[in-house]
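Letters are used for the chains, namely A, B, C, D, E and F, taken in the order the chains are written, and counting of residues starts over at 1 for each.
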Amino acid sequence: MAEVNLLAESVKFMLLGMGVVYLFLYIVILAVKLQAYLINKYFPETTPASTAKKPAPSRTDEDEKARIAAIVAAVNEFCKNKS
Amino acid sequence: MAEVNLLAESVKFMLLGMGVVYLFLYIVILAVKLQAYLINKYFPETTPASTAKKPAPSRTDEDEKARIAAIVAAVNEFCKNKS
Amino acid sequence: MAEVNLLAESVKFMLLGMGVVYLFLYIVILAVKLQAYLINKYFPETTPASTAKKPAPSRTDEDEKARIAAIVAAVNEFCKNKS
Amino acid sequence: MRIKQLLISLFFALFALTTMVQASGNPAPSGEATEQSSEEHVYKSKSMAELANSFWKTTGINAILDTKDGEMTSEPAGHDAERPMTAFESSLGRIIMILIVFLLFYLAIAKGFEPLLLLPIAFGGLLANIPLAHMAGEHGMLGIIYNMGIANEFFPLLIFMGVGAMTDFGPLLANPKTALLGGAAQFGIFGSLVGAVLIGFDLQQASAISIIGGADGPTSIFIANRLAPDMLGAIAVAAYSYMALVPVIQPPIMKALTTKEERQIKMGVQRKVHRLEKLVFPIVVLVFSILILPESTPLIGAFALGNFFKESGVVDRLSDTMQNALINIVTIFLGLGVGSKLAADKFLVLETMGIMVIGLLAFSAGTAAGVIMAKIMNKFSKEPINPLIGAAGVSAVPMAARVVNKVGMDAKPGNILLMHAMGPNVAGVIGSAVAAGVLLSIFK
Amino acid sequence: MRIKQLLISLFFALFALTTMVQASGNPAPSGEATEQSSEEHVYKSKSMAELANSFWKTTGINAILDTKDGEMTSEPAGHDAERPMTAFESSLGRIIMILIVFLLFYLAIAKGFEPLLLLPIAFGGLLANIPLAHMAGEHGMLGIIYNMGIANEFFPLLIFMGVGAMTDFGPLLANPKTALLGGAAQFGIFGSLVGAVLIGFDLQQASAISIIGGADGPTSIFIANRLAPDMLGAIAVAAYSYMALVPVIQPPIMKALTTKEERQIKMGVQRKVHRLEKLVFPIVVLVFSILILPESTPLIGAFALGNFFKESGVVDRLSDTMQNALINIVTIFLGLGVGSKLAADKFLVLETMGIMVIGLLAFSAGTAAGVIMAKIMNKFSKEPINPLIGAAGVSAVPMAARVVNKVGMDAKPGNILLMHAMGPNVAGVIGSAVAAGVLLSIFK
Amino acid sequence: MRIKQLLISLFFALFALTTMVQASGNPAPSGEATEQSSEEHVYKSKSMAELANSFWKTTGINAILDTKDGEMTSEPAGHDAERPMTAFESSLGRIIMILIVFLLFYLAIAKGFEPLLLLPIAFGGLLANIPLAHMAGEHGMLGIIYNMGIANEFFPLLIFMGVGAMTDFGPLLANPKTALLGGAAQFGIFGSLVGAVLIGFDLQQASAISIIGGADGPTSIFIANRLAPDMLGAIAVAAYSYMALVPVIQPPIMKALTTKEERQIKMGVQRKVHRLEKLVFPIVVLVFSILILPESTPLIGAFALGNFFKESGVVDRLSDTMQNALINIVTIFLGLGVGSKLAADKFLVLETMGIMVIGLLAFSAGTAAGVIMAKIMNKFSKEPINPLIGAAGVSAVPMAARVVNKVGMDAKPGNILLMHAMGPNVAGVIGSAVAAGVLLSIFK
């Protein structure tokens, strides 16, 4: 009888375990998609921001605000449309 | 007197030690000769069995039995003739 | 009041510390000058003694004594003239 | 030459001086020291025959033949943990273990089965079964190594760091949904947990054994050490053996669960992944594991560390060292330390048979679950997914991905699945670490 | 293939045999073992909801949100040293620290600020702030590393050994009086000591903090660990951060204290230094430090060891290993170990602000003192001395020397000061070690 | 740039926040901490003169001049093992030891005498004789190293592992009977054991000293550490010094015991050795040492491990690491750790003179016994054996074999004996390990 009990417990472990694994990976997938979207939009490979030695000279405060607004809009859009 | 005693002991150590060293190396020599004999007979360098990718196609169960018999005979012969 | 005390202590530490640092480095400077003088005089780069495979054949005991006398004289002179 | 003579004269002059000073100035301490030494080293005179006899008692032959000599087991935890060996353990058991070690040597060298770890483990096993030498004991070489990095789980983490520095997450980032395949394959862990309970292990032991299904050496060692340290040797040997046997175990299962048409599915070219994506990814994974499952952070943290250092591109010295000198040194030590658990008194127990059976079950179940999940995803996905790549979800990096590629090529020449299989493959490593974290959190 | 089959049959035959022997011969111990295991592993049945709930309790989200969970701090010294975390430390504090860590990542990777040490330190800080995992505790990865080589000051000495093996004293030997510039720059240490006392630190703490002015990582860690181990994290982070910021901090000070004419001074070609001079030099320095300041000999001894091995030319194997595999491994460990002190409960204290301020002061004071000393020496010297090279006396090898070179080139193209600045630069290392020895001797 | 500014603002904002939270939320612990610190760090005000005076007390000059300062010896085993130094040990003794260290430097660098070990040992000796620094004590750098790998005999085994991975047993396998020459040379051990007893050492000490005759560094250190740890420094220095002096010690003995005709004997070309023979050999040797002499298995096991890994050909990563990064790191540490026993209070005792004398005797006796044995074998052998190769049986790999080759070439140009001498040379390593096992088994 103790054994039957253990079996039930182990099945519960399986449910919890597989659930957490899937949950975790699913969240990671979403995050990866989001980061890919953002990075490729705002740091296109041709001029990767983090290694850029010369930031584009035309960028002004106005540009910057527009850019931030665009990012916020993009994230919203992405969250709605994520497949 | 204690010193004389120690000297006798140390000579005994010498006898035991040199005896064991020679015994050990003599056994190793025999083993090395045996392994050289066996390895070169059954795994000749041209087709080393342990690295052979394609075992000879003609080898059958009959062959195998003959081979084992040959090994046994060879070991016996070797043990008799070892110099 | 305790704080004033600490401040005085810390100034003393500063005096001691800077003093020892300067003393140490000054002695090292003297030693470095002395070693440069001696090494370049007695082991000129063309035949560095420590790596010489063939010591000059003409060197005799007489030479050696003269050499040691010269070293002693040089050290004395150096100590007097050190700038 | 003269200088040398001078120096040597000086040397001897100094010695003579020393001797005199000592002889005159402070005879007491010197005499005392000698006295102490002679006190310590009492030696009873023995006849030559007695000497030979007492030597015989220290031979390995005598130790193996005389099963009633009361030899103790070797325990890295020290003398208190020791117990007298049984007659079987001190004689036949040792011989069996040494033969098993030779079998592992054969598999590692002639068959190329994961030699980098099987060889050190097997050699550790050989040393651990030497009578009287107590090499696996607290003061023996293996025991020192065990206490240095296995008892405290340090070495598996260092290995994971190096593995992280060698891993390229590009294929996973290019096609992130394949991570789900690395999740499905964790059924190898949890399914075999149920199996292990069924054949009589308790829950904690069953959990330790089931981690073999993670197909990941350091994770297995880390968990086994926490949940069932007595079974460490068997679990590690099973994990590495079955990882080595992946090319034998997986293909029949993969073929049984897929049709020829499915195996022939070609997958498109992967998109190029941005350098920043690779850089940010290990941190993203680590942050989620911090939020959801802190118990998994030693493993995922070490892995992310190695990967982050590599992708940063600014510490190549350190990343190279992690991938070479450090991981090699630790691999030698890890193998030897794990091998110390192949002592007959620890390995030749009934549980080992069960562990071997469950381990095989775990690999099979993981493979099957991965393939089935891939079939399901293929049904619902816009782009075609070859179900074979699900098999790579068990990890066993990079062996499983190569097997997938080979089976794909067999079904249709030119059907190169390698990069597509690498995604589930590395996701399987993360998945196993998460699964490990769940098990640890349950038994905390 | 036949041999393999034979071996595998043998394997299974042995197993079967084992099983029988065990089953018949000694059932008692085996049974006992099983019993023991089941005794140990008591597990209370839980419903699925209970299980999920108890899992929730082990998540990081819950640990951060529930600030009253009584989580203890992680201390490498063991459980006795632990204390319950405050609500701030276990929630917002951790988040702040993780953001600071991300800032350090950014500075190390995107800005190239001393990545070899900032990156490991920052990653260690990230791991140290993970809730529940206790990675900085006695049994966690960081705690193991900390106890292995930081608590006993072993790692900083190994780093110093490697740095010694990478250092060329040629420029200093060619122009020995520039050593005085390396002495003047130690005013950065002793001046900031006074400053630290002024803002409220006690004398011992102030000494530990002021060593940041030595601009030398291993020396800072060595001293901080002796005099104020609680502040180790902040001191190390300050030292390495400001060393990374040398190209930002120094030039304005250098320009403010010199005229354009002074900066344009060209210095002559250095004399060739004899191989024997380089060989003898580390021994000379060590002998003087033995005579004058034995407290500094761990640092100077390790440094001299590395340099002597390199210059000897007969142990290139060892010297290469010191400069590569060994220093890289130790750098990883040192960084992680130091990073463990970036836990919120240790770093987010008021003292840290003070340390950051004093550290900046120390760098500035050292630079200024070096430049002023060089101006004085230029007045009294026959050969012209460019006052800029005094700034290199703070050490921060070789960054400070490069900054000197750049500022000199800016003042007059072609005015290459690099080798002339290397003299004060390496003298600064010795000077800091001497200053460290003085501080240690005071508090002995 | 904007992002950077943003991050820096964030950083400062966070700091400000932190400060406020701390100031308001939890003043108690913070205050307590400060209080504790000030409690600990009591500092009595001193006048400048007092400060200078107390500094003087911490100088090395004062420590050497003031022989009544009650300085304690440094012991890695901790404070209980310490004793006050004698006046001689703390003054003249130290100076003598430092001069001896300089002599060793000279021999290692200018004469090329085994620099890879003499240099680290000598530097360790220099550091160990520094007054007041206690570098060889429990918390000093040398003491940490000593406890890490010498007190537990771990480092010599790691060295042996690397040496095994560098050894080629081909020449021995080609002509196995030359192994007997490696046996005969062990008379150097057992003959000098008798000699050591004659001049007054007790049996255990005599055994520890006689192992110098094995001409094998790690074996000597391993045995010395077990049987007479107090003499470790002198034994190790003697072993390495005489190994370095092999080209000086051996040739006269070799020439005295052989005729010119014997030295001119040419030996045939060696047969080609099968890869499998080399692979199986280390295992064969290990198995016999398990059966006959388990006490020797730590040494032979480590050696066989390295050799087996190399010959397996499947773990080149690990084998390369053993031969490079690992053995180099351990060599540095081993040398420094052994050097810590060159402290005046340990080295400058009467026993050291005896050890030096017995060590020379041991090398000479081993050489003579090897040559005589080779002469006997030459009489009874079908193929001619040049008696010179017997001298290589002392091991001192590969120096002794090179000396044999040179003496052979001197007798007859073109008489290349190198490969023939390598057989006895490596057999001597095994022979010494066996002899070491016998000595250990006696004193067990």
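Just so we're on the same page, contacts are C-beta pairs under 8 Å (C-beta built on N, C-alpha and C of every residue); 3 or more make two chains touch, one makes a residue touch a chain.
Owing to the predicted nature of the structure, the values given are computational and were not obtained by experimental measurement.
Pairs C-F and B-F differ in how many C-beta pairs touch across them, and the larger number is found at B-F. Farthest chain from subunit F, judged by C-alpha centroids: A. Note that among the pairs B-D, C-F or B-F, B-F reproduces the C-E interface, with over half of its contact pairs the same by residue number. Chain centre most remote from that of subunit D: C (centre = mean of CA atoms). Taking each chain's centre as the mean of its C-alpha atoms, subunit E lies 31 Å from subunit F.
The distance from the centre of subunit A to the centre of subunit B, each centre being the mean of the chain's C-alpha atoms, comes to 65 Å.
Taken residue by residue, subunit B touches two or more other chains at 9, 13, 16, 20, 50, whereas all remaining positions touch fewer. In subunit E, the residues touching two or more other chains are 43, 51, 55, 109, 202-203, 279, 292-293, 325, 438, 442. The touching residues of subunit A, when paired with subunit D in their complex, are 3, 6-7, 9-11, 13-14, 16-18, 20-29, 31-33, 35-36, 39-40, 43, 45, 48, 50.
The part of subunit F that touches subunit C in the complex is made up of residues 43, 45-46, 48, 51-52, 55, 109-110. Considering their complex, residues 83, 86-88, 92-93, 96, 99-100, 103, 106, 111, 152-154, 157, 202-205, 228, 230, 279, 283, 286, 290-295, 297-298, 301-302, 305, 308-309, 312-315, 317-318, 320-322, 325-326, 348-350, 353, 438, 441-444 of subunit E touch subunit F.
By the touch criterion stated above, subunit F contacts subunit E in their complex at residues 4, 7-8, 10-11, 14-15, 17-19, 21-23, 25-26, 29-30, 33, 37-38, 40-41, 43, 51, 54-55, 58-61, 63, 102, 105, 108-109, 112, 115-116, 119-120, 123, 126-127, 130-133, 135, 139-141, 144, 324-325, 328-329, 331-332. Of all the residues in subunit D, the ones that touch subunit A in their complex are 172-173, 176-177, 179-180, 182-183, 186-187, 189-191, 193-194, 196-198, 200, 202-203, 206-207, 272-277, 280-281, 284-285, 288-289, 292-293, 427, 430-431, 434-435, 438-439, 442.
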